[in-house]
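Two complexes, one shared chain (chain A), two partners (chain B, chain C).
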Partner chain A sequence: MRKLILVALIILLILPAAFAAGQKGTAEASAKTVTVFGAFVDEEARRFEEAIKPFEERTGIDVIYEGSKDFETLISVRVEGGNPPDIAGLPQPGLMVNFASQGKLVPMWSSLIATIDKNYAPVWKSLGSYDGTPYGVFHRVNAKSFVWYPKKAWATAGYQVPTTWNELTALMDKMVANGHTPWAVGIESGGATGWVGTDWIEDIMLRTAGPDVYDKWVSNEIPFNAPEVKQAFDVLGKIWLNPKYVYGGTNTILTTSFGDAQRPMFDNPPKAWMHRQGNFITGFFPENIQANLTDEVGVFPLPAINDEFGIPVLGGGDQFVVFNDRPEVRQFMEFLATWESGESWAKAGGALFPYLNQDLDAYPNEIERSLAEALVNAKVFRFDASDLMPAQVGAGSFWTGIVDWVTGKPLDTMLNEVQRSWPK
Partner chain B sequence: MMERRIEGKNLGAQALVAIGRVAVSLFVPIVAFVILWAGFVFLRDSNASQGIIALVAIIWGVGGVAMLFWVADWVVNRLPVMAAKKLQPFVFVGPALVILAWYLFLPTMRSLYLSFFDAQSKTFVGLANYVFAFTDSKMLESFVNNLLWIILGTGGAVGFGLVIALLADRSRFEKVFKSLIFMPMAISFVGAGVIWRFVYAYKPAGEDQIGLLNALVSLFGKDPQAWFTLRPWNNIFLIVILIWLQTGYAMVIISAALKGVPDSIIEAGRIDGAGEMRIIRSIIVPYIFSTLVTVSTTIIIISLKIFDIVFTMTNGNYGTEVIASMQYKQMFRFYHYGRGSAIAIVLVIAVIPVMWYNLRQFGKREGF
Partner chain C sequence: MARANVKKSNWTIIVNLVLLVLVIIWSIPILGLFISSVRPQDNVLTTGWWTVFGEHGELTFDNYRQVLGGRGYTFVDSAGNTVRASGDNLSQAFLNSFTVTIPSVIIPILIASAAAFAFAWMIFPGRKFFFTTVVALLVVPLQIALIPILRDYQGLGLTGSYLGIWLAHTGFGLPLGIYLLYNYISTIPRDVFESAFLDGARPMIVFSRLVLPLSVPAIASLAIFQFLWVWNDLLVALVFLGGTADVAVLTQRLATMVGSRGQDWHLLTAGAFVAMVVPLAVFFGLQRYFVEGLMAGSVKG
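For the complex of A and B:
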């Protein structure tokens, strides 16, 4: 009996080996696959898969996309562990620089670089480069410098879209005089709480100090507690820290999730009348608003503060980088650098693309079309500073600094702390 | 199995037998290893359906362990008796020791090593990371908060656990009460965090309050509060969650110990005229003291490494930072391996005295 059990056990153990042998064969015979790992999930992941279908149908290459909300942690673990995906969509250029400096990435090859030069504005190529070598291809991008408002309520109240900062402040005061609350703001975002505030500061920095100072700020050539930064916080503080200007005051700013923050705009009557956020926010609007987006919602770029710098556009995007160099991986990267890879997602909505030769008619409504136009035509485009700064600051002390400042910490103390946290 | 020949006649034959035995002794482990390796390769590379993979993993995992033991035991038994006796214990303890060394001891040593290096683990920086760990304002805040977690969290959970166990012991509905109190134990810390977010949720005055606490506050005509931003109370709001989760554990263990207090001693106390409080203080608590210590140390360790609740609720904002969440941020968000490792080592060192005390208690009682 004991022998019998042993024999059975051994057979059971050998079985998988037979499987393994069979498996090898089938894997060889089946289609080539490319694994892609990214930060977007659910509906966005579905739209991405939809967008790459033309490629899969044309080439027969199977592209397996896997998304995770903990992408930034997991990608490092996977790369460290020697198990990187073929391609990863990095939401932060800093991650690309990190991997590129460690020699983990495959640099872009000449035919792809030619495609990038043809299809993108130069800023995207330089954002995807480390030490002069391009490593990344941008696909879906976002632009953040927009103010959304409930169109119908505005028409009834007789509010006009402001084109200068003075007009904006005048409008805010007019709203307060009418008993309205101008802004809806919420910065809660779980482990990333505070990033909404960093976006505001960056937009204001670009408008008060200009792109050159902005770049120096990003690289810490001017310290975080420089007068220019302080000035940006002062401009923001005039809005955020004034309970008349923001719905619910600072407590609501701190505890409302960034996605829900826009909701008070769509109450009847609106509890707040403006909301500054990136193009993705339309996906968070109530369903009845989304169904009628162009009738219900208006949008304008955050006005210029200093005429010298005009209306810059602040944004970000996922750049795709290569870890494993194989022909099918290269083929897919070349595809991502073309408008074809974005078209169906643009049609589905909720995404902007940077391609110069894109067909603006593909966007499903007037609003997204105008955002895409603003993005492609912007004279000054800057990447989200907090994504460019060292993680210690950009994903750490800058976020918490915003939270501390809104909670009441003195501005100078907070700015000094952020500067101190900058890695030497 | 053992055959001994005293005569030195068939030396050649003996040598052949010995070689044969050695060969067989080597052959079997090699076959076992090949089989295990094939299973590993299959699990790693296969894209068969999930069901098959799960099945193979179960067979491979359980069967593999059984086979390893059997093969090792078999090999050891083929050795001379004296050697077999000496080696036998290691067949059973060995794998556990190897796994402990591989998954716990080596990583700890590596963390210790990395803690003396910079963010990329390239340049030696001496004690700089430890200087950071003991001087950074967020770290100091974390130490104070962790102390708060240890005192209030452990005190609360053990205190409530003791009181509930004592009361339940005297109740007809003991089983029902204990089941209810024990239930949160089945909820993960992250799950508890999500649940309690709804308790503490905040909306501006005038809106529907979806948070339980603010709904109650509004009911009494007061303004709703953003609980998470109220320093220093927000720490206590978070600690309440730990107490809610751990009271059940404390209660169950203490309750079991209570059943072991002999009735005769309590009776004797009663006859001597002791009141109920006096009996609890002078008889029951001393009697179950070692259980209280064990429960307390376990919860102290949980409080020391508390992470999930803080991370899901406040992310360490508003002065609620704790050591473990600082470690996570340094390691996985800022990619500062040196600081992350240094904080991990500080945490390990902080846990050691508690562990040591706990083990000493174990030793005294000779078993759990």
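For the complex of A and C:
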């Protein structure tokens, strides 16, 4: 019996070892590889891999993508541990600033900078720069300032797409008069609950105070309890804190997951008639809606509040930065800066790209085409403020502040608390 | 005497009732998880699992099909055709998990049992000091060791290799293993060893012929602990092994299955049950040792 156990142990030990050794051999055999580490996984990772195939076929370089949901933690551990990937796709500019200031990143070289200047609007270059030096290249991006609505039900009810904030307010009152609830809102997102609210505030800030004040707010040149911020919360409060305007009132706002919040729009008759969210939300729509997206869903940009600032677009995106400087890594970065690297993903749907020279016809439906058009043509584009602010605020007190405010904490108290939490 | 018996049986009933209530409370979420795993996606997202007994009675194995057989993706290939392909299935991830787990259970058990024997029955200078150090390591969280170890691994070329993660799990598992086995092995009656030593047996013979066979219950319970810990581990695997498809373990595949924004969380229900199968099999396989082994060392006789 004992001998049997011993033999079994030895076999179990040796088998996987041999198997592991075999695997390692095959990995080393392939010639040039570039490792890319990013935060997107599953279907999106698959589409990214498909989108870079033309590069792999042309150059013979093997690009290995690895995605993880724990990206933010892992990238810091791996960089600190001396095991960084060749290229990383950072979802937050703050991460880039951290790594760049520690001297971990390879700055962009002149030929790539020339490509960036040609293919992107200036805002993307400055978002990818630290201390005047460009470090990052944007690939897939997202835009958030959109309002989605059930198209068929709107047509039946005779609602028109509002083009100004006043028209929007009038529309909301008309809906209430018809016994309809205008908005579907949900901000629950586990440990990140509240970020939906920060997006709303940012969108309103851009429309009431303008991009310059927005930038100062992000860098805390104006405090978090400044009148401009207060005004944005007042505008939002008129919608969110009015139980007639939001499906289920404030309780539903707090307890509904951001992804499921749009569902009441697709009940028959709709329990809510509008939903403000980024372009990714289409992936959460019910399957029968996704199958006929263009027929079932309409979308319009959140209207301007102050004509002076027009309709700005709020968004975000992953920027790719270089940790290891090798010729094949450079080649891949130059590929990422071109529309060719996004084309097949754009065709598959669910992704927007910032390239100035992109072919809008590549997008699979009218909705995504109009979103891409709004993104490329936006006079003002700003990165998600909560991703730019220090993590204690942008991924902390700003989120919880939103929750507290919806729960009923007085606005001034909440804003003062957020301001106090700003790292000195 | 009779009164004492009545009192005792009353107590038994109360204890059993409390246990029954606890079992029910603990089982309801699992039941809900299981029911959710066989409901269609739209129902999972819009209604609670209990409605399955009423208006939303549809059942489907679609979630299991997607988890086991790989999700369907649509993408556009370089020729411009829209292709629908199914993603990777879980077989590679299962294989990787076994490759990581089995040595990560066996190596620490071999080392820990030898160490426990030495600490318990061999006399050498610094025995108390070393044993205290090992026990003190129990309270050190493994997270603080990640970056230093990763740096060393980088120098040794161990990052991304199975050997590296076996050693990591071995190191993280040893303090508990040594402590648990020490408590058991130190309770083996001294007489057993004395007669063996009198017959001229060397420590290695005593260890392999006497200690190992006598410690099977404790070793089995340690094996269960270590197996569950390694099988369910996500962090250590992500840091030392990485998450590329050829090495990704089951927990990593499950974590990515929900999508970048968690839009496919309904698949987690089925994924949880698929991932549970192996630990349950191990648990039931070693269960008869487990209860015995848990008691092991709790009372030092």
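Everything that follows uses one rule, which is that the second predicted complex is superposed on the first by the 395 of 424 C-alpha atoms of A that agree within 3 Å, B and C clash if a C-alpha of one lies under 4 Å from a C-alpha of the other, contacts with A are read in each partner's own complex, and residues count from 1 in each chain.
Throughout what follows, contacts are C-beta pairs under 8 Å (C-beta built on N, C-alpha and C of every residue); 3 or more make two chains touch, one makes a residue touch a chain.
Not measured: the values here are computed from a predicted model.
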Looking at the overlay, what does A:Arg78 touch: chain B (first), chain C (second), both, or neither?
second
Check whether A:Gln392 is in contact with chain B, with chain C, with both or with neither, and answer first, second, both or neither.
first
State whether A:Asn98 touches chain B only (first), chain C only (second), both chains, or neither.
first
With the two complexes superposed on chain A, say which partner A:Val403 touches: chain B (first), chain C (second), both, or neither.
first
Regarding the shared-chain residue A:Thr413, is it in contact with chain B (first), chain C (second), both, or neither?
neither
First, second, both or neither for A:Asn357, with chain B first and chain C second:
neither
Between chain B and chain C, whom does A:Phe280 touch in the aligned arrangement: first, second, both, or neither?
second
Please work out whether A:Thr156 is in contact with chain B alone, chain C alone, both, or neither, and reply first, second, both or neither.
neither
Could you look at A:Glu44 and tell me whether it touches chain B, chain C, both or neither (first, second, both, neither)?
second
Chain A contact set shared between chain B and chain C covers 9, 12-13, 16-17, 19-20, 23-24, 27
Write out the stretch or stretches of chain B touching chain A in their complex.
34-36, 38-39, 41-43, 45-48, 52, 56, 59-60, 63-64, 66-67, 70, 119, 137, 202-204, 226, 228-229, 311-312, 315-318, 329, 332-336
In their shared complex, chain C is touched by residues of chain A numbered 2, 9, 12-13, 16-17, 19-20, 23-24, 27, 39-47, 50, 53-54, 57, 64, 66-70, 74, 77-78, 80-83, 259-260, 263, 280, 283-284, 286-287, 344-345, 347-349
Residues of chain C defined as touching chain A within the complex
41-42, 45-46, 71, 73-78, 80, 82, 87, 98-99, 102-103, 106-107, 110, 146-151, 153-154, 159, 161-163, 212-213, 234-235, 238-239, 242-244, 246-247, 252, 255-264
Show which residues of chain A lie in contact with chain B when the two form their complex.
6, 9-10, 12-17, 19-20, 23-24, 27, 72-73, 76, 98, 190-194, 247-249, 251-252, 254-255, 390-392, 395-396, 400, 403-404, 407, 417, 423
